[in-house]
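Listed next: structures, encoded as structure tokens.
Common to both upcoming complexes is chain A, partnered first by chain B, then by chain C.
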Partner chain A sequence: MSNAFVYNFDQVQNEMRAMAKELLESGEATMVIGWEKGALPYQSTPVMIRSAEDVDKLIWDAYCQQNLSTYLIDYIYTDEKVAIFAKGCDTRAYNRLIQDNRIKAEKCIVIGVPCPGMKNAREAARLPENAEVPMANACKECRYPNPVVFDKRVGTDVTAWCTERDFSDVEAIEAMPADDKYAFWQSQYTKCIRCYACRNICPACNCTSCIFDQSASGWCSKDINASENQFYGVTRAFHVAGRCIECGQCEMVCPSEVPIMLMNKKFIKDIDSLFGAHEAGLDTNTPAPLSHFSVSDPEEFM
Partner chain B sequence: MSDNSVKTANDVAENFEPKILVFACNWCTYAGADLAGTSRLQYPPNVRILRVPCSCRVNPQFVIRAFQRGIDGVLVAGCHPGDCHYTTGNYYTRRRFLLINRMMEYMGIDPKRFHTRWISGAEGPKFQQVVTEMIEEVRAIGPNRKLRDDMKVTVNTDDIVASVEADTKVVADNV
Partner chain C sequence: MERVGVFICHCGSNIGAVVDCARVAESVKDYPGVAFSTDYKYMCSEPGQEMIQNAIREHNLNRVVVASCSPRMHEKTFRACVAKAGLNEYMFEMANIREHCSWVHAGRNEEATEKAIDLVKMAISKVCNNEVLMKGHAPVTKRALVVGGGIAGIQCALDIANNGYQVDILERTPSIGGKMSQIDKTFPTIDCSACILTPKMVEASSHPNIKLITFAELEKVDGYVGNFEVTIRSKARSVDMSKCTGCGTCMTKCPGKADDEFNMNLRKRTAIYTPFPQAIPNKPVIDRESCLKFKSRKEGKDVCGVCAKLCPAGAIDYEQQDELFTERYGAIVMATGYEQFDHSIYGEYGYGKYPDVISGLHFERLVNASGPTQGHIVRPSDHKEPKTVVMVKCVGSRDPEHGKSYCSRTCCMYTAKQATMIRDHCPDTKVYVFYMDVRTPGKLYDEFYNRTREEYGVEYIRGRVSKIYQDGETLRVKGEDTLLGRQIEIDADMVILANAMIPNPDSERMAQIVGIGYDKDGWFTESHPKLGPVETHTAGVFLAGACQGPKDIPDSVAQAGAAAVKVCALLSKDQLETEPTVSKVDNKLCSGCGLCVPVCPYKAISLETIQERVAGKTIERQVANINGSLCQGCGACTVTCRSGAANLKHFTNAQILAEVDALCQTIL
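Up next is the complex of A and B:
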């Protein structure tokens, strides 16, 4: 985790600006998506740049956690050729979207950016100024900080600081008595306000029409109460099971701090133990675990 | 906590009759249930059978929906692997339910309340046995109170207001 201290953000930022300038001036890209500085020190927000004059808006710092790949979906039916900066997780999200047939590779230019791990913006907001800010939760367990696919790249590769996921949080819940588990999830899902931020930011939740936008299905509802919120939470987690690239964005954007990754990681853990280890988004050929099967899958239903 | 809290599990447990929902695949389990009927095999009248074209039609969310609407136990049943009328449907069912059953347990739902079973058209006695056992097990643990949407646990807006106020303060302190 000490990469963050030797990593030179400014140098990579200069390379990013030069790359963006070159792409826009040559006309190779009509738009570049990167990050700009937000209103607060711990906010770096997405920015769409269309003119070479504006490239100095681009920044690269320890708060550029937001995954940019999902924006590509918005341009699939336009004539734009969009370049995006992509960290390890953004490239896995990109593969995810290609595999789901939601974007087309020929309309995108992926500029890989090796990532030293991002800081936890939520903690930063709470800590006093100048305090040491811990790494974002998802980043702590990131095994692929370097881009797994790219057309161009800036910066130099970093060494991954994590080799295995930590499932101790999932195991702690598994060990609880049933009523405590239920009470825990109730306490979390009474906080959910159904803003759908977790869905909107997620590169695996990319359906053209989401079931939660269909109020007349008869079996899912827009009511906000513990029961319906939990229905939403578990349904969404199930829909991304096997396709979640573990970017942690869902949990990061949740205004109510619902521990969404605890659901996602439970599915990841079970998929690995039932159907063999799977890492979503590393390539575009390996089928997602729930989109195929094996006749030798474990049999528990005899 | 809820408007049903006056009626606790213990109050009603004495003459509690569980409601069990069976999602039965048209080609095997439904025929199996039919065979149980024509063979005059008795099982308690606590089951509601919902016929589906294939076990693979059962979206796991249907199971959760059933619990929300007051069902006490859910059985998802289809053809044995290799026998699916659509060749591979039940292999997908198997993957999905291996996962979602574990997730339901993770959410704190008693695993005695949900089962997935392969029951063929020739297995009338197996249908009788599986549903009878399930009814008795669910009867013993009492009515389901979890995930019920009539037990409205509403969102605690006070907490949300407090947390928004705290965040606003952090923002104000920082600018």
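Up next is the complex of A and C:
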């Protein structure tokens, strides 16, 4: 985690502004998506910049968590050529979106930004103003802080601070008796208000028409109660299984603090043991483990 | 307005003795949608079916539920029954209250009846959501492909061809003939194998409806019943088939030598060769592994070329390459045969390292007049006639620990045959047979076995061989005679092992290419062990011969004929009915993510570009498109599709949820 100390946000920020300016002035991009400073010190929010004059709005600090890749979907049917700044996780999301056929590489410019790990905004809100803010949960476990794909890039590569996957939190839940496990998730999803923020931010949740928006799908009602909410949570975990890039955005944006990544990590752990280790979004060629047919797939139920 | 008729079948006492059928009928009569409900002893009987048809007319029913046995049994019957009364056949549902209820809950009649009621309610809820579906039609390519040119493949092709249909035989080796061409005599009649096989080979090669594709392999199979698109790899023969006259001059001076696999490596052959004198086509191939020219080319040189110099027709073509070509077929018959189990895993038989411990097929070549010894039975090591021969049965068969769990069915008879042949050729030679059991269930088989013992004086010892080891020139065979309960030791000159039959080593890959099932041992799986022994679960693909399981020649030939009849029945149709129970995609829900494309085992899904108006602008985007002829209705796409755009007709999400709702309501 020492990277955070030597990492010079300001320098990278300057490079980002210069890059955005160049792209917009040359007309190579019609829009640049980055981050601007939000209303609070621990908030940095997405910003769409169309004019070179506005590039100074762009900032780069330890709160630029939000994954910008998902915005690319909105411009797929326009004439825009959109440039985005992309951290390691954002580039994995970008690869996933390409694989899901939701964006086209030729309409996008990916500007890779090596990331020192973002801070935990939720904790920052709770802590006194000058306290040391810990790293965001997902970032602590990040193994790919550098962009895995890019057209252009700013900054210099950082060294990954985490090399091994840590499933101890999943194992702790697995070790619980079934009733306790159920009670745990029941208590978590009782808090859920079905705001769908987790879905909206998720790069794997990229359907044109989400099943939870279809009133007559028959699978899940619009009722907000523990049962329906759990059904929503489990279904969403199934839908992103094998395609989750572990950016942790879902959990970061959840206003009810449901430990969504815990469920996603359980799926990742199970998929790894059943179908072999898989890291979603590292490239666009490796098929998602649950999304292709192979005659050698295990069929222990047959 | 749904008007459902519910018919509860007693199936004699199969259901009626456990489930209170009258109570089931009574308890659903007021269930939403039900207009009529009754029970009857045999719904599938003619009066039963009439009852359904009359009820449809009398009560103006537009949907029918029959609660009886598995749909595997009678779904067809009842669909036809309601169609006769004017309903669409998909406005029918079956509740399985026999296999799923009375049979598994016998003795718990009250609970079984409750469950039957639930199952019937689920079926009613489903049928209320059913939609009218129409069968489709697909044309039939009136040509068959037989994969494998052994006796099963040849016979099957002949039977198909004689029915007037075109058929291609695809053979991996340079010649058709298969294992039967390696065998010397056939039991129980001891007629010469080649003498009865070669006329069939000639008939196949000269038949106007048969095309031989030899030295070629199956590469890919696309398409579906009636319209398979098969990609075949024609391996480089290095001989131009159109120029070669089969004179054989090329083989006379070839300096390249290789183990002669046709003769079980008991002698050498040339690098340019035909596997055996009666080979069809009788045109040689160059084995590039042992050809001096090809070997030297690997080292950057280019030597020899004797065959090209000798060939009067200029047919030798060293530059030939493998060629891929695609053909269309209406049906495919798999006849890929068997291989011999490798006994070298057995330490007790010397790990395959004693030259005079040979397998049954080795013996066939030894005793064959065109074999390496011109038919003299001699030991491979020193070419002396053996005075004592020990034969061991069940080598690899019936040995779940190290070999195969199954009985190879042919070994008892071929061992008896080989024993009599040894006694015929070498009357002074003693023959001992170690056996676990003697199984001779075939016409004239047991008589043959009895003659082997009684007339030919072959000594059968019931017991296993525990060890064979070389002691000077002799092979010392230690074993147990379990009938006398004593250890025995025989000094043998030669040991013949009755090796098990195993599937073609490539069978699993072949099954995957064609899309058929195989069992734990690699044998192809038939669609039903009793009632569908030559069909597979893939429509249009049939099985002939030992690729389905160990078989002797008569059984292989019989099965080949059976497969041919099935093929002809298929090819005789101008059009095939296709099931409408296939997947469909709702374009407005589809994101075009394409994840359903690789997940489809039948390659039935592709992405197509559609135009759509979005915010006043026409855009082009991709959505999944399902080929209804290729789709087999497995539903893999529907569970991959997150937004629920893919839906399986007749098993739609709404229909299945209606069933779940019906069940949950009874529980709550």
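Note that the second predicted complex is superposed on the first by the 293 of 302 C-alpha atoms of A that agree within 3 Å, B and C clash if a C-alpha of one lies under 4 Å from a C-alpha of the other, contacts with A are read in each partner's own complex, and residues count from 1 in each chain.
To be clear about the criterion, a residue touches a chain if its C-beta (ideal position, glycine included) is under 8 Å from a C-beta of that chain, and two chains touch if they have at least 3 such contacts.
Because the structure is a prediction, the values reported are computed rather than measured.
Trainee: Based on the shared chain A superposition, would you classify chain B and chain C as clashing or fitting together?
Mentor: Taken together on chain A, chain C would clash with chain B, as the superposition shows.
Trainee: Which holds for A:Y77: it touches chain B only (first), chain C only (second), both, or neither?
Mentor: Only chain C is touched by A:Y77; chain B is not.
Trainee: Name the chain, either chain B or chain C, that contacts more residues of chain A.
Mentor: Of chain B and chain C, the partner in contact with more residues of chain A is B.
Trainee: Looking at A:P41 after the superposition, I want to know if it touches chain B, chain C, both of them or none. Which is it: first, second, both, neither?
Mentor: A:P41: touches chain B, not chain C.
Trainee: Mind working out whether A:W185 is in touch with chain B, chain C, both or neither, as first, second, both or neither?
Mentor: first
Trainee: Name the contact category of A:K119: first (chain B only), second (chain C only), both, or neither.
Mentor: Touch partners of A:K119: none, neither chain B nor chain C.
Trainee: Could you look at A:R96 and tell me whether it touches chain B, chain C, both or neither (first, second, both, neither)?
Mentor: Neither partner.
Trainee: Regarding the shared-chain residue A:F293, is it in contact with chain B (first), chain C (second), both, or neither?
Mentor: Both partners, chain B and chain C.
Trainee: Please indicate which partner A:Q214 is in contact with in the superposed arrangement: first for chain B, second for chain C, both, or neither.
Mentor: In the superposition, A:Q214 contacts chain C only.
Trainee: Looking at A:N206 after the superposition, I want to know if it touches chain B, chain C, both of them or none. Which is it: first, second, both, neither?
Mentor: Only chain C; A:N206 stays clear of chain B.
Trainee: Which stretch of chain B would you flag for clashing with chain C, going by 38-46, 110-118, 146-154 or 164-172?
Mentor: Among 38-46, 110-118, 146-154 or 164-172, the clash with chain C belongs to 38-46.
Trainee: In the superposed arrangement, what residues of chain A touch both chain B and chain C?
Mentor: Touching chain B and chain C on chain A: residues 219, 290, 293, 295.
Trainee: Name, in rising order, each residue of chain A that touches chain B in their complex.
Mentor: Residue positions touching the partner: 39-41, 125-126, 129, 173-174, 176, 178-186, 190-193, 219-221, 223-231, 234-235, 237-238, 241, 255-257, 263, 266-267, 270-271, 274-275, 289-290, 293-295, 297-302.
Trainee: Hey, which residues of chain C end up touching chain A in the complex?
Mentor: 512, 588-595, 598-601, 607, 614, 617, 619, 621-622, 636, 640, 642-645, 653-654, 657
Trainee: What does chain A use to touch chain C in their complex?
Mentor: These residues of chain A touch chain C: 77, 100-102, 206-211, 214, 217-219, 239, 287-288, 290-293, 295.
Trainee: Which residues of chain B touch chain A in the complex?
Mentor: Chain B residues touching chain A: 60-62, 64-65, 68, 81-82, 88, 91-92, 94-100, 102-103, 105-110, 116-118, 146-149, 151-156, 159-160, 163-164, 167, 170-171, 174-175.
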